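Several structures are given next for inspection.
Across the two complexes that follow, chain A remains constant while its partner is chain B and subsequently chain C.
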Partner chain A sequence: MKAEAGIFEGIIGNAEALRRLERSLAVGEVSHAYLFYGPPGVGKRTVARRFGAALVSGGDERAEDRARRGLHPDLQEVEPEGVFTTIGQVREIVRQAASRPFEGARRVFILQADTLNVQAANALLKTLEEPEGRAVFLLLAASREGVLPTIVSRAQTVRFNPVPVAEVAKFLREQGDENPELVAALGRGNVGLSLRYARETEMWELRKAVFTAAFSFAKDFGERRRAVEKIVDRAEAVGEARETAFLEDIDEPDRRAKESAKRLGKAARDGAVREALGLISLVYRDVAVVNAGAEKLVANLDRLEEIQDYAERFAGANWAEAALEVGEIQDTLAYNASPEAVLEVALSRVRQKILGAYPD
Partner chain B sequence: MCEFIYPDAHHMRHATLYRRWRPRRFSEISGQEPVVRTLRRAIETDRVSHAYLFSGPRGTGKTSTAKVLAMGLNCVQGPTPEPDGTCDSCRAIINNSSLDVVEMDAASNRGIDEIRDLRDRVNLSPVQGRVKVYIIDEVHMLTAEAFNALLKMLEEPPEHVVFVLATTERHKVLPTIVSRCQTFDFRRPGVPVVAQKLKEISDAEGIEAEPEALTLIAREGKGSFRDAEGLLDQLSSFAEGPITTALVRELLGSVGTEVLLETTNALFERRATDALRIVDRLSNEGKDLGQFAGELIAHLRTLVLLQNAPEVALSEIGSEERGPLEEQAKNIPTAEVVRLIEALGEARGRIRRRGDPKLELELVFLKLARNYTEPSVENLLSRLEKLERAVESGEIRAAAPSQETPEAEATDEETPEAGEEVAAGSREPEADDEPEDDASGEGERDGAADTRMLAARWEHIMQELKGRRKALTAAVYHEARVEGFVDGVLELSFPEAFYVDQARKPEHSEPLRELLEEHLGTKPRLEFRFGKGTEEQERKSPAPVEDIAPEERKPEGAEFSRFETKEESEGEQEPEEPSPESAGSNGIIGSQREVFEIFREKFGTQEQHRGS
Partner chain C sequence: MRAVCNTESFGRKLAMTSRGVSARSTVELLRGILVETGNQSVKLSATDMELSIQTSSPAEVEEEGRVVIPARIFNDVVRSLPKGDLLLEHDRAGGTVRLAAGENEYRIRAYAAEDFPQLPAFDEQNAFTITGEVLVETVEKVSRSYSRDETRPVLTGILINFEDSRVRMVTTDSYRLSIKESELATTFEGSRQAIIPARAMQEVSRIFSGSEVEQIEISLSENQALFRIGDVLLGTRLIEGNFPEYKRLLPDQFEREISVPREDLLETLRRVNLFATRQTPPVPVSLSFSDGAVEVVVRSQEIGEAHEKLPASSEDEFHISFNPGYLLDGVSAVDSKNVIFKFNESLKPGLIVPAADGEEEPDFLYLIMPMRDPSRS
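After this line comes the complex of A and B, so read on.
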C-alpha cells in the first residue's frame, strides 16, 4: 500500500505506522520522543524528515516546505561524528532542546539512535524523559536491540517493517521497471535495494558474478578464485559508478567534494561485497527451498532451472546450513577483512558443507 | 496537510501517563513489598539511613520510591510513612521544584567536577524541610574519580542529608560504595501485578480496555511499569474504541497465538513447506518477523513452563489461549521444545546482527525441519560396528583403548538433542572437562599433554576467537588440525593450501597467538603445513562429483587421513614408548572417548544428511 496523500505521500509500505503518525499530528497528541526502527531502505529517514517538518512548521505550509528541504533552523539532523554520535554532540542537543524554538512551533532533532555510545545515550535520558522546552526527538535505528533499553522505554516506538515483496513489485510495475517481481524479490523488502537492482546495470553484473561463484563450490580452487575476483571487480564497478554519479551532480568539484566522492565510492563497494554475500546466501536458500518442496517461494525466479538442477544433484546436502555459513562469514566484513579473503573462505566453507554430504 | 495548533495541555496529557501515575505514597508502589516495608519501618522508628542504593531493572519504581521517601521525611505532618501529598513540601517534590530534593542525573553529569560541586553544597542546611535528599540516578555511569569523590561524602554524610543512589546496573557500582549504602533490590513485578496497576490507571483515566488486553500489555512490558504504561498510553491515543487484544497485537505487530501454535506444529512435524509459507504470509502482511521470532520463543517457553511449572505459566496466559496451549504442551516433548528454542535463539541473534529476519527465519526453519532424525539404537550400533571394524583393520589405529570413559558418552549420544547439536556443529565434544584430567599428569610429558589439551579444546578456542570478533580468523583455523605442541612450537595442518596462506597472515596468526597465550601461559610459535597428502588418502572414497579436481577431494577423506599421519608424526616426535594416556596427544586414538568423538564428528553429521 502506498500513501496516497498527506505528508507521507509516495512512501511505500508501513501504512499502519504512517497512519498512526498522521493521526497523532491531526489530534495534536505528539510525544516528545519517537523511535523509528527497522531495516534499511524502508523509508525511516524520509518519514522522519517529513514528520519533523510538519512538527516544526505547526501548519505553516511554506515553513514546512522549507523544513523538508532541510532549510529550517528548528529541524536538525544530527549526523554521527564518524561512527558514533558523541556525548559532546548530545550535550549540545540537550542544551538546545531546553531553549525555545527559533521560529517554529517546536524544535525537532533527528538522531541515529544506534550510533549513540553508552555515555551519550545516558546523557540523553533525562531530556528524553522530561524535556523542558518544546523539543521532539525522532530517533532512528536499525533495530530496537541496538538502542539502550532505557532510551527505548522513554520513546514511542514506531516499527518499520521490510516492505512486502508484492507491494514493491506493484510499485515497480507502476514505475515501468522491467522484471518487477524478480527485482522486488531480490530486494528482500528493502525498497532502496530493489530500485538499485532495477536501475543500476552494475548491480545486475554483480549478481551474474555471484551466481557463477555460488555454484563454483564444486570446481577447483583456481576456478573458485577467479569467481571471487570477478565479484570483487564487479563490486569495484559499483563503487566507481557511485563515485562518478556523485561528482556528476557537482559543477566544479573541489578537493573536499572529491574526497566525499571517494568515501561514498568505497562505501558503495563495501556494500556491494556485503550484498554479494547476501545474494550467495539467497541462492543457497533458494536451493534449500526447492528441496523442501516450496518452489513457489524461490526468489531468483529467472534462474529457477539452474537452482532446480543443483537441488536435484545435491539433494542430500544441507543447503540451509550452507546459507547460514555464508551469513556468518559476512559478519567478518565489519572488521576490515579483505573481500577476497572473506569470499574465498565463504566458498571454501560452503564446499565442505555441500560436498561433505557425499563422503562416498 | 493537517492543520494543527499547539495544544500544550493535550500534549501534556498524552506524553505523561507514566509520569502522572508515578506513585505518591508507599501504598501505591506495586510489587516491591519488602522494600516498602523496610522503608516505612525506618521512618516510623527514626532509623533512616544516610545512604541507600536502589538497584533493579528499569521501570520498577526506584526513582518513585526515592521521591516518596523524600516526601515522607519532609512532609509537614512528618516524618511519616504516610506523606499527605498536599502540603507545600510534598507538592514541591511532586512538581520537581523542591529545593530540598536534588535529583541528579549521573549519566549526563558523570565527571568529578559535578560531584565536587555536590560536595561543596552538601553541607548547606535544608531550605524548607528537615532533610535534604540527593537522588543520584544512573549512578553506575559516574567516572572512577567521581565515584571516589562520592565515596568521601558517603563516609561522613552531614546529619541532615540522605543519599539515594539508583542504578540499573549494580555490578558497575564500586563495591566500596555499595558497602556504605543500605541496598535494596527492586524486583521485576509479575505480569498480574503490572496488569492490576494498568487496570487501576485505565479505570481512573476512563480508558476502556479488555482485561485480556491489559494482560497482554503487561506481558509485553516485561516487568517494567514504565514500558507497560507507555504502551497503554500509546494504545489509548491510537484506539478509537476500547482497547482490545486485537488492537494490542496490531500495535505490537504481534502475530497471535494461533499462528504460533501452527508454526510450532509445522516444525515439530517437519513440515518445512508449511513453516516457510507461514513466514511468507506474515511477511506479506507486513508483520515484524524479528518480533515473530521473539514471540515464537516466548510461546515455546510457555510450553516448557506448562510442562514443568504449570502454575507459573497459567498466571501469564489468558483464559481463552489456555486450552490449545495445554494441548500442544502435551503433544510435544520438552526436549523437542528446547531444541526449537535453542535454534530460534541463535537465529534471533543473527537477525539482530544482520537484520534480514525473513532469510534467517527461513533458514532456521529449513534447518529445523530437515535436520533431525531420531537416532535409533540400531542405527547407533551399526555405526559403532563400522567404526570398530575400521579400528581393527588399522584404518584408525587405537592405541590401548581404555575402558574408563565410555558410559557417559554413550548415553549422551543416545539422546536426540546430543545427536542433533553435533549435527548443527554447535557443540564442542566435551572438551572442557578433558584438560583438567590430563593436567594432573600421570607421568605424562608436558608436550604431549598440551597437544592433547589443545586438540581437545580447539573447537572451544575457535569459539572464543569468534567471541572476540575474530570470526574470519576462527574460520581459517577452524580447518586446522593440531599436529603437535612441543617446546613452544604449535604445529597445525590444513586440508587446503589456501588456508595455509591465510593462516600465515599476521592479522590472523597474532590474535590466535594472543589467545593461546592466555590458555598456555606462553605465546607459542606457529608452524603451518598443507594437509598430509599421503597415499592412504588416495584409496579413500572417490568424490561424487565429476568436476572435482583429485587433489581437492573433500575433508571426509581427510578426516581419516589425519589419524594416519598421526602415526607418522608419532614416529618422529615420540620415539619412546608412549604411555596409553599420552598416545592420544599425538593424534592417535588414545581412548574410547576419542573414538566417540571422532564417531560423532564424522558419522553424526552424515547420518543427518542421509536421514532426510
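After this line comes the complex of A and C, so read on.
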C-alpha cells in the first residue's frame, strides 16, 4: 500500500501507522511526544519530517513546503554529535522548547531517541513530562528497547514494520527500475536499502565481493583472506562515495563540514561491512531455501544457478544454521572491531559448519 | 530587483541587520539577509530564529524585487567600499546579486526570498508607546537577577507586565528577585503580560542607545514581542511557561526597617568583597546591626578577614548574611541617598528598597535570600 494523497503521499508501507498520524492531525489531537520505532529504512525519518512540517505550518502550504526542505524556524532536526546526542544538545533543545513558535503553530523537534545517553535522556524528561505549551517531540529509534523506559512511557509509540517485498517491488517498477524484484528482495523490507541497491553501483560491487567470499570453502586460508580484503575494499568505496556526495552539496565546506563528511563516510563504511554480513547470511538462506524445495523464495534471483549448484554439492549441510550464525555475528558487530577480523571469523565458522557434514 | 542607494548609510543599516543573522545555522539561506524593495527604500531583514531585526534604507528603486544575500560577504564588501552610490541588482537567471560601486563590481550567490522565514509583523492597532529612556532604565534595574541557568528557561526571561499606563518588570534566579515599575508614555487599556528573553531586552537597549529617537513602540502578539525603535523593528520569541508567583514571595510585613547610607555601604561592600573568594558556596558577607551601627564582615579561610563599621538606623542587635555579589547587586540598583533594608528573621528573605519620599510606595524592590553563616552556627 502506498499513500496516494495527503501529507504522506508516496510513502510505501505502514499504512495503518500513517493513517493514525493523519487522523490525529485532522482532529487536532496531537500528542506532545511520539516515538517512531522500527527497523532502519522503513520511512521513520521521512514520516517524521512530513508530520513535523504539517504540525508547524498549520495548513499554510508554502510554510509546509519550506519546512519539508528544512527551512522552517520551528521545525528542528537534531543530528547526534558522533555516536550520541549529547547533554549539551539536549539543554539547547530544552531551552528552545520553552519558547513560543517563531512563525508557526507549534515547535517540533526530531531526534534520535536511541542515541541519547542516560544524562541527556534525563535532561529531556522534564520537558517531555510537562511540555510548556506547543512543543512536539518526534523521537526516532530502531527499537523500543533501545530507548530508556522513562522516555518511552512519556511518548505515544508508533510502530514501523518492514515493508513487504512485493510492495517495494511494485513501487520500484512504477519508478521504472530495471530489476524491481531483485532490488526489493535485497532490501529485505528496508526501503532505504532497496533504493541504495537501485542507485549505487558501489553496493553491487560489494555484493559481487560477498558472493566470492561466501562460497570460498577451500582449505587455503589465503584465498578467504583475499576475499575478505576485497569486501573491505568495497566497503571503503561505499564510505568514500558517501563522503564525496556530502561534500558536493556544500559550497565551501569548512572544517566542521569536513569532519561531518568524514564521520558520515566512516558510518557508511561500517554500515557496508554490516550489510556484507547481512548479504552473506542472505546467500546461505537462499541455499537453504533451495534445499527445502522453495526456490520461489530465493532473494538473489540473478544468481539462482550458482545457488542451486551449491545446494546440490552440499545438500547435507545445515545452510539455515550457517545463515543464522552469520546473522548473529552481524548483531554483535562491535564499534571498534576490525572489519577484517569479524568477516574472517564469520567465514571460518561457516566453513566448519558447511564442511562439517563432509569430513575429509 | 534593481535599486541604487548611498553606500555609507546603507552600510550602517546592513551592519545593524547583520547582528540578527544566525551565525551557527548550517543552512546557507538562514545566514543571509532578506533584501526587499519598498517605497523609495530597500528593506533589510535578518533572523537567528530567536530574534529578528528589520530595518530599511533610502534608495532609488528602479525595479522591484526580493532576494536573500549571504550576510557575511555582503556586509564585508559594502563596509569596505568607498563613499558614493551603490547599485544592487538581482540577476535571477544567474542566481546572483550584482553590487556595483563606481568601477568596482561584485557578484554574490543569492537565494530565493520565498524560502526565507516569515518574519513577524508589527500590529499597529494594539501597539503602545514607552519613553525609551524609561524602558532602558527599567530593563537595567532588573537585569542583574535573571537566571543564566538555561535548564529553567522561564527564569532566563524578564516578566513584563503592562497595566494602566504602567510597566512592571520582574526577574528572579530563585536567589533574588527584582521588581521595577515605571510610567508608560501612553495610557494602556487592560493589561498584557509576557516573558521576554533578557538577551532580547538588552538588544533593544543597545539599539535604542545607538539611535536618536525618544520613544519606543511595542506590540505584543501571542508568540512574539516587537519593538519599534525609529526605523528598526526588533522581534523576539516569547518564552513559554509559568513565571513564579512572585507576589507570594514578598512578605506582608517586616519586623525591622533599617536605613543605611548607600554610597558608604557600596564602598564598604566593594572593599570587604575583596576577601570573598570565588568558591561554591561563596564566602558570605555578614551584617551585624546594633544600636545605630552596622558591622560588615567577610571572613575567608584562605585570605583573612575584613571588618568595617557604618552608621545605621538600627536599634537592636540583628545578624544576617548574604552572598556578597547578590547583596552588592541589590544595593547598587537602588538610587536614593539611603538604602532601606527590611528584615524579619536571619534565615528569612530580606528586602532592599530605595528610601521613599513621603508615603509613596517604592518603585523598585530587591528581595534577597540570606545565607547561613558558618561562623555563627
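Throughout what follows, the second predicted complex is superposed on the first by the 332 of 360 C-alpha atoms of A that agree within 3 Å, B and C clash if a C-alpha of one lies under 4 Å from a C-alpha of the other, contacts with A are read in each partner's own complex, and residues count from 1 in each chain.
What we mean here is this: a residue touches a chain if its C-beta (ideal position, glycine included) is under 8 Å from a C-beta of that chain, and two chains touch if they have at least 3 such contacts.
Here the structure is a predicted model, which means the values were calculated and not measured.
Visitor: Which term applies to chain B and chain C once both are placed on chain A by superposition, clash or fit?
Guide: After superposition on chain A, chain B vs chain C: fit, no clash.
Visitor: Could you tell me if A:R69 is touching chain B, chain C, both of them or neither one (first, second, both, neither)?
Guide: Second partner only, chain C.
Visitor: Looking at A:A123 after the superposition, I want to know if it touches chain B, chain C, both of them or none. Which is it: first, second, both, neither?
Guide: After superposing on A, A:A123 lies in contact with both chain B and chain C.
Visitor: Could you tell me if A:G192 is touching chain B, chain C, both of them or neither one (first, second, both, neither)?
Guide: Neither partner.
Visitor: Which partner does A:E145 contact after superposing on A: first (chain B), second (chain C), both, neither?
Guide: first
Visitor: So which one touches more of the residues on chain A, chain B or chain C?
Guide: Of chain B and chain C, more residues of chain A lie in contact with B.
Visitor: Would you check which partner chain A:A98 touches, where first means chain B only, second means chain C only, and both and neither mean what they say?
Guide: Touch status of A:A98: second partner only.
Visitor: After lining up the shared chain so the two structures overlap, which partner does A:G10 touch, if you call chain B first and chain C second: first, second, both or neither?
Guide: In the superposition, A:G10 contacts neither chain B nor chain C.
Visitor: Looking at A:A218 after the superposition, I want to know if it touches chain B, chain C, both of them or none. Which is it: first, second, both, neither?
Guide: first
Visitor: In whole Å, what is the nearest CA distance you get between chain B and chain C after the fit?
Guide: 8
Visitor: Where on chain A do the contacts from chain B and from chain C line up?
Guide: Shared contact residues on chain A: 91, 94, 123, 134.
Visitor: Would you mind writing out the residues of chain A in touch with chain C in their complex?
Guide: 62-63, 66, 69-73, 91-92, 94-95, 97-103, 123, 132-135, 251
Visitor: Of all residues in chain B, which touch chain A in the complex?
Guide: Those in contact with chain A are residues 1-7, 10-11, 13-15, 19, 58-59, 96, 105, 107-108, 110, 137-138, 141, 168, 224, 226-227, 230, 234, 237-238, 250, 253, 272-273, 276-277, 280, 283-291, 350, 352-360, 362-364, 366-367, 369-371, 424-425, 469-472, 475-476, 479, 496-499, 502, 507, 541-545, 547-549, 552, 554-557, 605-606, 608-610, 612.
Visitor: Provide the residue numbers of chain C that touch chain A in the complex, in ascending order.
Guide: Interface residues on the chain C side: 27-30, 47, 49-50, 109, 114-115, 117-120, 150-151, 153-154, 156, 197, 222-224, 237-241.
Visitor: Per the contact definition, I'd like the list of chain A residues that touch chain B in the complex.
Guide: Touch list, chain A to chain B: 6-7, 13-16, 20, 22-32, 38-40, 54, 58-59, 61, 64, 90-91, 94, 105-106, 118-119, 122-126, 129-130, 134, 142-143, 145-146, 149-150, 153-154, 156, 159, 161-166, 188-189, 218-221, 278, 281-282, 285, 288-289, 291-294, 297, 313, 316-321, 323-324, 327-332, 334-335, 337, 341-342, 344-345, 348-349, 351-352, 355-360.
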